[in-house]
C-alpha cells in the first residue's frame, strides 16, 4: 500500500478510537500508521493497551503496533482525534502547531470561530475556515471538527428541509445509546430497566452545533442559522443508535410529499464525488409505522445514513418525525473519516 | 370485614387486573368479592386463570376464587374494569345498564360527553357528569373513567401550573414502559437494546385526554382546555414507569421559584379527605440533576405520586422539565381505585 | 443465475425463515424460488406477510414474491423448513412423500431412526440414513435435520475432544438468547432484568440430540454415544447467542495444551470441500479471561463458528469451559444451509 | 431510641453500605450512629458523599450525618463493614484491635482459621471462633464475616439437604446480578444484551466458602465439609438476584418428597429466636415450572429467603434444581445484619 496516506489516531484506545481503527481497516486512501493514547497505555502494544469492545477482531497489523504518547513528534501529517474535551483542549493545538491536520471528533474547538464544524453532506464549504487558522498559514497545521453524536443525525434530517423550506423552530427529544458515553461510561446499574433524563452539556451542544452546522459562511465567518431550537436529552438502554423525536416549524409550507421528496432526493458532494465512506443515501425514509428503530435500522448505509420515519403533522408546529443515526459511526469516527475524505478531495491533506 | 364494600374486577387476569388485586389487598374500604375475565378463564380458580406477574404473591383468598364470565349477573354493585377498548365497548355498558358502578381503566368511553374522565387531584368535580348518564337516573348504574397511563403523570404535573399561570402550549415526548402494553404485550425481540417510536393510538389519547382533564365543567358539559398540545410516544426497555420530556408555554410568566412552589404546594381533595390511596404529595420535585428516573423514583408515594425534575428554561417555549409516573399504579389500577375512593366520599357508591 | 438450484422455504415468515432468506441472498449454489407459510400469509407478497426483524433489509426480489400454502404442489425439489414441531410433524412428510428433499430445522423428526440429525463437521456420514427412508427409494424425497440451537454449539466443542479423548460425562448449563424462541416468543415483561430457568423440552432435546450427534453409524443405525449428559437450560436477556457453561469427564486424560490443540486443529469435510457456508475454523478458542461473550463473539466465522473459552480444571470432573454459538445462524438457518451444501456435494440434491 | 445499640458503618457510601442504611432504618435493636468511607468522602454530609442508588430515599437523619475517615476513633463498639478486600485487609484489623465488633461483608478474612464465616440458619455455632481471636481476649474486639453473595443462597438450599442426606458432590453455575459488582461496577456496554462468563475470584470463593459454611466446628477449628464442588460463574443483565443452576449427589438416597420436605421444614435458631431480620421461611420452594425468577421472587421473605424450584432428577448426579437469592440483601447487608442479631442474642455485642 505504498500510495496510501499515513494517518495517526490520538485517543486510539477509547470507543471512538476503536471505531476509527475498524473503519480504517482496508480503507482505499488511508492507512493507520501511528497510535497515541494516554500515558497509561504508552509503550504497550495496542492489543494490550485497548479493551477492545467491537464485534469484529482487532486487525492483526494494528494489534501489534506500539501506542505512543499523545505528542506530535513522529506522528504522520494527518491525525484523527477522539479525546475528551479537556484533553483535546490541551493536545490538539500542539498537533496543529506542529503542522498536523487534526481531524477530530472532540468537542473542544467545535464552536471556535475559525474552526470548521462540518457534516460533509451539509456544509462542506465551511472547511474554508481552515485557511484562516494561524497554524495553517504558518506550517499547514489545522483543526477540523465534526459535530456531537446527537447533532449529526438531526442535522442530516433537517438540512434538505431547511434548504427548501426554511426552518423557524425545532424541538428535539433524544433517546441516546450508552456507547455515546464511551467505556466504561454509563454504569449498568444506572441504565438497566431505566431512563436517565440527563447527559452533561449535551443539550447545549445539540442546540448550538445544529445552528452552526446549518449556518452560512459569509466573509470568512459562519453566521448561525436563525431558527430557534430546544433540546431535551435522555439516555436509554440501547447499545448503538441515537433516536430523536423531532418537531419543526417551517418558513414556507411543505406538503407531506414535498418533505419526503426533499429527503429522498438529498444528495451532496460526498455522493457526487463518490467518497469511500459516503452512503449512497444520506437520508433514508423508513416506511413502517413503527420505524426507525435502533435494532433494525442503525446500520443502514453502513451506519452512515440517517433514517427518518413517522412524518406526520404536528398540532403545535408543522411537522413531526423520528430520526435515528449510528452514534459511533455516523456520529463520531465515520463522521471524522468522511470529513477527511472531503478534505483530501478539496486539497487540504496535501 | 363485614362493613367493607364488596367489589368486582372485570379483566381480573390481565396486568392491570393483577394490580387491582394487589392494591385492594387489605384496603380499608373495599374487598374483592368477584372476579371476571374472558371465556378462556371462566370457571377456573384465579390462581390457574392468571399468569401472575407481580413480585408479591397472589393473596390466598383471591387465589382460590373462581373466575366468572364478564356478565353482570351475580356481580357486586361496584366493579373495577381493565379491558381492551373493544371488549370494554361491549361489556361495560351492560354492567352500567344492570345498575353497576363501573369504575374503569379502559379507554372506550373516556371521551364520551357524559362520562367523567377524572384524576381526583385535578378534576374530581367532573364526576358530576355521572348524574347525566341515563342508567344512573334509571337504576344507579354508570361508567367513570381514568386516563391513559401516559396522560396521568403529565396532567398531574400540569394541573397546578395551569391553575396558576395558564397553559398555552405543551410539547411532550414519552418514553414508556413495557408493562403499559399488558402481557404478553411487547415482544422481547422488539425492545431489548431498542426504542420503538410508536404506540398505536397513544399520541391521540394523550393529546385529547390531557385537554379534557384540564377542561372545565360548565352547565353539564366539559369544555376542553384550550391550549395546544403535541405528543410523541416511544416505547423503551423499562419495566414500570413512563418518563416524559415536557416543554410548556404559559399565559402568565412564572419564575423558577413559582413553578417549584406550585408543585410543592399542590394538594387537592384526595389529600384533604385523607383518601386511603391518595399520596401525601401528588407531585414531588426531585432535586438531583439527573432525576427523575424510573429505577429510583417510580415508587414514590407508593407509586401514586408524579415525580418532576430538571425544570429549566426552554429556548422555544417557556419551561421544560421531565415527569415520571408509575404506569400500572398511578397510571391504571391505582387511578381507578382513587377514583372509587373519591366517588365513595361523594356519595356515588351508595 | 440459470444454473443455481431453486429452493423453497417452508415457514418463511418466522425468525428462522427470515434467516434463511438473509443467508441465501447471493448464495453461489442456491436461489430462493418459492416461499410458504401458514394460511394467514397465503397469497400475500412476502414483504406484507412477514414482520421482518433482521437488521439487513428484505432482498427486493424476495419482498415481491407471493407466499404459498405449505403444500408441495409447485414447490421446488429442494425445500428448507423452519416450523414448530406440531406443524412439521404434519407438513414435512407430505413434502418428502411428494419427492422433495426436506432440509429442516424443525425438531419433529430429529430422533427418528431413519432420519439423519447432522452437523456437517461432526457426523456428515449420518446422511446415509437418507437411503433408508421409504420415500427416498420411491421418488427421491427425504427429510434431513439439524439439531436444536442449544445442542449445536455444544456438539461442535465436544466433537474434537470426544474423538481424541472419549467423553464419559457432560454437564451443561445454558444461558439462551430470546431469538431462539421465535417471534413474538418471549414477552419483554418476562425477560427484562430477569432470568427464566426453564425452556419447554429444551433440556430433553439437548441431552438426547448431543448423544445422537456424537453417536456412530453402524449397519444403518446410529448408536448413540454412551456418555452421560445432564443439562440445565435458562433464558437470559440476550438477543442472539447461546452461552453454555460446560464441564466434562474424559476417558483418556488430556492436558490443557492437548485440549486447545484438539479445538484449533479441528477441520472436517465442510472445510476440506470449501463449502460456501462453512467457517474456516469450526471452533475458535477465545483467549481473553472473560470470553466468549455474545456481544463480542457471536458473529465469529460469519455466525457459523462455535467460540470456546475459559478452559480450566474442574474439581469434580476433568475440565470446564464456556462455549458460545449463534442460535439462529449456526443454530438454525445456517445449520440447515450447511447441511444442504454437504448434501449437494454428496449427491443428495440431484 | 435511648436503648438501641449504636452502630457504625464502614464503607457506608457503596452499594452494600447503602443497603445497610436502608435495612437499619427503624431497626428495633440497632441505630446508625456513625458513618465512614474513603478519604474522598470524609467530612461531607452523607447525602453529598453517597450516590444513592436505592429506590427508597435516604433516611433524613442519615442524610445529614457527616462521613468520617475509616479509623476507629470515635466509632461505636459495633461496626458493620462493606469494603473491597484490599481495604478490608488493612482497615478491619484496626477496628478489631481497637475493641470493636467488626461484622463484615468483606471477603478479606472469611477463610481465616479464627474468623467465623456464618449464615445464622446454617452454622451459627461457628461464632465460637470469635473467642479464639487475640483481640477478643484482649479488649473484646473481633471480626465476624458472612459469605460471598453467590455462596449464601446455595448454602441455604444445601444446608437442610446436607444435614439429612449428606452431600457428596455439587455442581453450580451462577447467573449473577450486576449489583453484586457494586457501583459503578459493570459497564453497561459489557452487559446490555450480553453474558460475561467470568467474575474475578468468584468461583474460588464460592467453592471454598460453601465447604467452610457446611463444615463442622471441632475443638476450636472448622473442618470443611468433604463434598466436592465445582462452580462456574456468569454475569447477566439482572439488577438484583443471583440465579444458580445446581446439581447434587447425595450420600443417602432422597426421594423428591423428602427433598421438598427438607426445605419446607427447614427452621433454625434465627427463626426460633424470632430475630428481627430472620425470614419466616429460610428456604421457599416455588411451585411454577419456570420459577424461581429474579423479577418475581427476589424479594421473598423481605429479600432474606432463598427460593428454590425445578427439583428434578439429574442424569449424572442425583438431583438438580434452581436457587435464587437477593445478592445485596440476603447476600450482603442483610446477611451481616442477621449475623449481628444472632451475635447479640449470643452475648457477643455486650
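Labels A, B, C and D are assigned to the chains in the order they are written; within every chain, residues are numbered from 1.
What we mean here is this: a contact is a pair of C-beta atoms (placed from the backbone, for glycine too) under 8 Å apart; a residue touches a chain by one contact, two chains touch by 3 or more.
Here the structure is a predicted model, which means the values were calculated and not measured.
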Touching chain B and chain D alike are A, C
Have a look at A-D versus A-C and report the one with more C-beta pairs in contact. A-D
Chain whose average C-alpha position is farthest from chain A's own: D
In whole angstrom, how far does the Cα centroid of chain A sit from the Cα centroid of chain D? 47
Find the geometric centre of each of chain A and chain B from their Cα atoms only, then give the gap between the two centres in Å, rounded to an integer. 42
Centre-to-centre distance between chain C and chain A (centres being mean Cα positions), rounded to whole Å: 40
So which stretches of chain C touch two or more other chains? 53, 190, 192-193, 237-239, 295-296
Interfacial residue positions of chain D with respect to chain B in the complex: 53-56, 192-193, 239, 295-299
If we count contacts the way the header does, which residues on chain A are in touch with chain B in the complex? 169-171, 173, 175, 190, 192-198, 207, 228-230, 232, 234, 236-239, 243, 245, 247, 289-296, 309-310, 314-317, 320, 322
Of all residues in chain D, those that touch chain A in their complex: 15, 53, 178-179, 183-193, 237-239
